[in-house]
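In what comes next, chain A is part of two complexes: it sits with chain B in the first one and with chain C in the second one.
Let's look at the complex of A and B:
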């Protein structure tokens, strides 16, 4: 059982002129929450669709739980649940009927199915709304229904493609918690997003993609180690002598110091107690200072450093 | 069958529009069957045809023929017998039929020549001329029979007159009988004709949205990822669609049974109507499936339903009898299955004056079957296109 949940080797997908996925490699381990992080248009959805055999691709190999994936591998598909960015439910069916329908495409046994549908309704907390039609549900509830439809058959691998786009913060948090709960119950999760906070919050390992390429892969700490900038210290200060700026620059781990608008910014490339050393020095020179702030790097910084552009949209 | 059952759960949501069409149909039908009776009555009066004669033979034989025809129809004497004015008279419906007895008519009869011994011209769009023609032919056939049996000319003419009049004498009895029957046949004719409109509009409106729902792009992804084969799902949907259409047809048949009584529906004529409408229902099912293959908005769908329903109804003789439509329109109409469906109904009931024959009936059914094959091919094509597009 140590086969990877998903293995993507050298995947290439072209839409006529556009190279959407460019020799992409991924290995997703069983039991992890794997984040696929990249800006809009970076090829996340295309990659997912290739993994699911919804799209044909130009080159590459994809295997799921050790078996090569193909459009007619229903034995593999039965273990996969998908939740796409757009809500995909029948407007003409009630909450219960919708979940039952999608579950029925996987589970033929009526008794088991009835139980599974109940479990799914419980899981997303739609018990009071089972007779509602989707049109009558609020945005957040609709998302929950969408998720219930994707996971009711208890898949071993759950793929979520930007499930939180255009969702209010409260629903977003409950969705993220739900995903973690599904993972605790044993499912492997693939989660794509262009919000790095989300990915940072829940994913065990993360791949950063841009222009269809896998730029970096690892845990968030591993990724952050990839970049030089480890800590940013900002200090409000009225004025400071150039000789003192040069002295701070010579402190251990400090590699850049700037002073602008009464604000001193110090960039450090690792190590510990950087802030204390800086403050000790300033006190020894009898500077008085105001607001002090120390910031650790985010995935956005990682992205910025790897691609030279901001991740945020 | 999960998909099949869900088809009908969704169908419930669109049932109301179907019921509206059904109600409109019943109202139309009652109105139309009243109008239908009126046309039947006027047809009996119309049995007398205004005709003119150009007799270039002026023999005993030609006079006997005229004698017979004037007894049944209205001989109109005209001021001008030139070709042009004859056309005018016909155009303004002063006369319906011009009988031309060429020189040598009697001589031809005696020498045993039977083909083309007289000629005529008539309004092509009028059933009246057709009836007149039948009378002429009946007379000539009879006369030829006696002449062929070696009667002398005068004997043959007398015998023909007697025979023809004898047949005419039995008519009054049979007319009352036929009239009663005719009312039901004309009622059924209207019913089956208008049914084509209701089925076309109603089913497109009620069934296509269900198909479109299943084909919505978002859903399609989820459905295609599932462990139930896409083919299995499509079969479930297709079967649902077919069941729906056939159920609608069955209901209309039951209503027809109530309106026209089972013994009439199960008569030969009735069964021909029923089979014809069944074959046509399959055509409509396929049209519905094809329209459902495209991702249409509700508005577009309503538009298409109306265009198809009303358009074909006008083009194919449901609202306006086929014989009132211009030849150019008819050329186009021939490419629509409804045209053949309606044509068949008119042929069976005799409303168009087209001679009834079983062979023609099966020909028309055959043409409808060809449409079914063509529509099925289009359906398959539309579906592969849709699947390609979805990916």
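Let's look at the complex of A and C:
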């Protein structure tokens, strides 16, 4: 049986009076893309730094590939790739030299290293920029270089700490596709972000954290099932009688109906064909309606329902 | 290790700001010093001392006149005499056209003005001349009176000069310019400024100071390997830059710093190592950013250089008189003293003491820097 890639048990980390990580438990399976989703200051980066043994912590156990993690566990470190939130490259070295430098900290054999560096450059699409200095690169290209420096040694576990902060949409998509490719090639990915769309797009399992606590854990569908709101139907309509609003509220799976500014909003807690049933009812009462929209819940809705606040607060 | 050293050299070579300043300091300041001191050296040339000579009508006047004519008749005369009466001489002295008045007699007398305080050196020379003249005159008269048969021996002695003190020359080069000391201090300052490179080593290897430090910390390469490699790369590179500055001073400006070349270069290397390790030490202190710590380097090294005499030439002598321990502890003074002792003394004892003190400093700085920087787990990032 495969050991978990990362196992965090009862992790507690304090910064003086502030409890940054509060009895956090995580188990990240080998081969998955694991999302750590939470607002800024929720303890994601602190958790990552504890996993990497960069930060001391007050309590808890951390193991990677079944081995307890410690600062001097070089046998574990050689299998980890880290892409920091802040770009960590040398301004005085070219794209090629930067990747070569960091790859050299992991791979001693010159020939293998040269091949790995080429592979990393290909992977992030920096072939045309290999002799460029970081200062000459755009924000997106710089992020790609940052990623290349972290993955050139072909690690088994890759930790990406908000790698798309301040990146344009095109580069963001390129980075997300790259992460999926790395995962397809066999790497386990831990991806932290406060962008729910990104996490939703690429992660196989997600942990929602806030104030250092693991609030919910599962696949995106599992997480969405945790909340009551499962479908939001909005219909533009000139007017509607109160008796009809009450009748819609009695339709199956409908648990809340509001009418404001000529917009009817219907919240459903599950089930199928909710929209058809609502539209059938309105047509039967000969209401004319305009724009119709049905929306499934997002992770933000999950976060909102669990914590009572927006994810980007 | 070789991989890190090689790429670190590339980084250092492309760090134009550091390279520029380490090269610029000895070249620009050295050139300025050279221009300033060459003019001063010209001003230092001795000129004849203007003096009024009054010859009284007695048997002593001829001897004084003959003596003065003798010392005035050379290509580099000591005196510029004006033979006149006492009244004329007093007028000249009041007008500050002469330094003093020599008057013949049983004892030659010297009259100087107490108002001419800026001419004390010339007044002292005249005083010494008068004393010597009177002493020799007395000796000759005394011998002629008591042992006239020995007058020839006495005159021979005066001719050759009898020296009862044996002079042992400790000096290797008596003709060394008094201003060379400034260049020694300039070399010391440049060596200590390599501390900026040491700051970079410290900050780029600590996860709580830079993202680069964090990335290095999570790699499987032992921290000590990275630190030692970067220390080697930085020291050798800074040493190379210092050699260029040293050669510029020695071969272009012709500053007399080539005494015992291998030992001078060894001093240069040790002083660069001290500078880089000082930077490593300062860079390891606290969680302030690299820029702040670079400021600290200048705040620490400039007073050191001031105390070693970079700005005021005789500062080290003043300190030696009042608080000699500072000279023995100040790295800038120690570096400067290494070059000075190599240029001045035959013996290497003082040089060895200086070098050993610098090596001890270097060991302390490196040890402390390593102990702090090798830490791999932090309370906060």
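FYI, the second predicted complex is superposed on the first by the 311 of 313 C-alpha atoms of A that agree within 3 Å, B and C clash if a C-alpha of one lies under 4 Å from a C-alpha of the other, contacts with A are read in each partner's own complex, and residues count from 1 in each chain.
The definition used in the following text is that a residue touches a chain if its C-beta (ideal position, glycine included) is under 8 Å from a C-beta of that chain, and two chains touch if they have at least 3 such contacts.
Worth saying up front: this structure is predicted, and the values here are computed from it rather than measured.
If you put the two complexes together on chain A, you find that chain B and chain C bump into each other. When both complexes are overlaid on chain A, the residue A:77 reaches chain B and chain C alike. Using the contact criterion defined above for the overlaid structures, shared-chain residue A:55 touches chain B and also reaches chain C. By the document's definition of touching, both partners, chain B and chain C, reach A:88. Legend: residue contacts after superposition of the two complexes on their common chain; A:15 is shown touching chain C, with no touch to chain B. Using the contact criterion defined above for the overlaid structures, shared-chain residue A:162 touches neither chain B nor chain C, since it reaches no partner.
When the two complexes are overlaid on their common chain A, residue A:106 makes contact with chain B and with chain C alike.
Of 24-32, 42-50 or 60-68, the chain C stretch that intrudes into chain B once chain A is superposed is 24-32 (criterion: clashing C-alpha atoms). The residues of chain A shared by its contacts with chain B and with chain C are 49, 52, 54-56, 72, 74-75, 77-78, 80, 82, 84, 86-90, 92-93, 97, 101-102, 104-106, 149-150.
Against chain C, the residues of chain A that register as touching in their complex are 15, 49, 52-56, 71-72, 74-75, 77-78, 80, 82, 84, 86-90, 92-93, 97, 100-102, 104-106, 149-150. Remark: chain C residues 3-4, 7, 10-12, 14-15, 207, 210-212, 214-222, 226, 376-381 touch chain A in the complex.
Chain A makes touch with chain B in their complex at residues 49, 52, 54-56, 72, 74-75, 77-78, 80, 82, 84, 86-93, 97, 101-102, 104-106, 149-150. Interface of chain B with chain A (complex): residues 2, 6, 9-10, 13, 213, 216, 218-219, 221-229, 233, 391.
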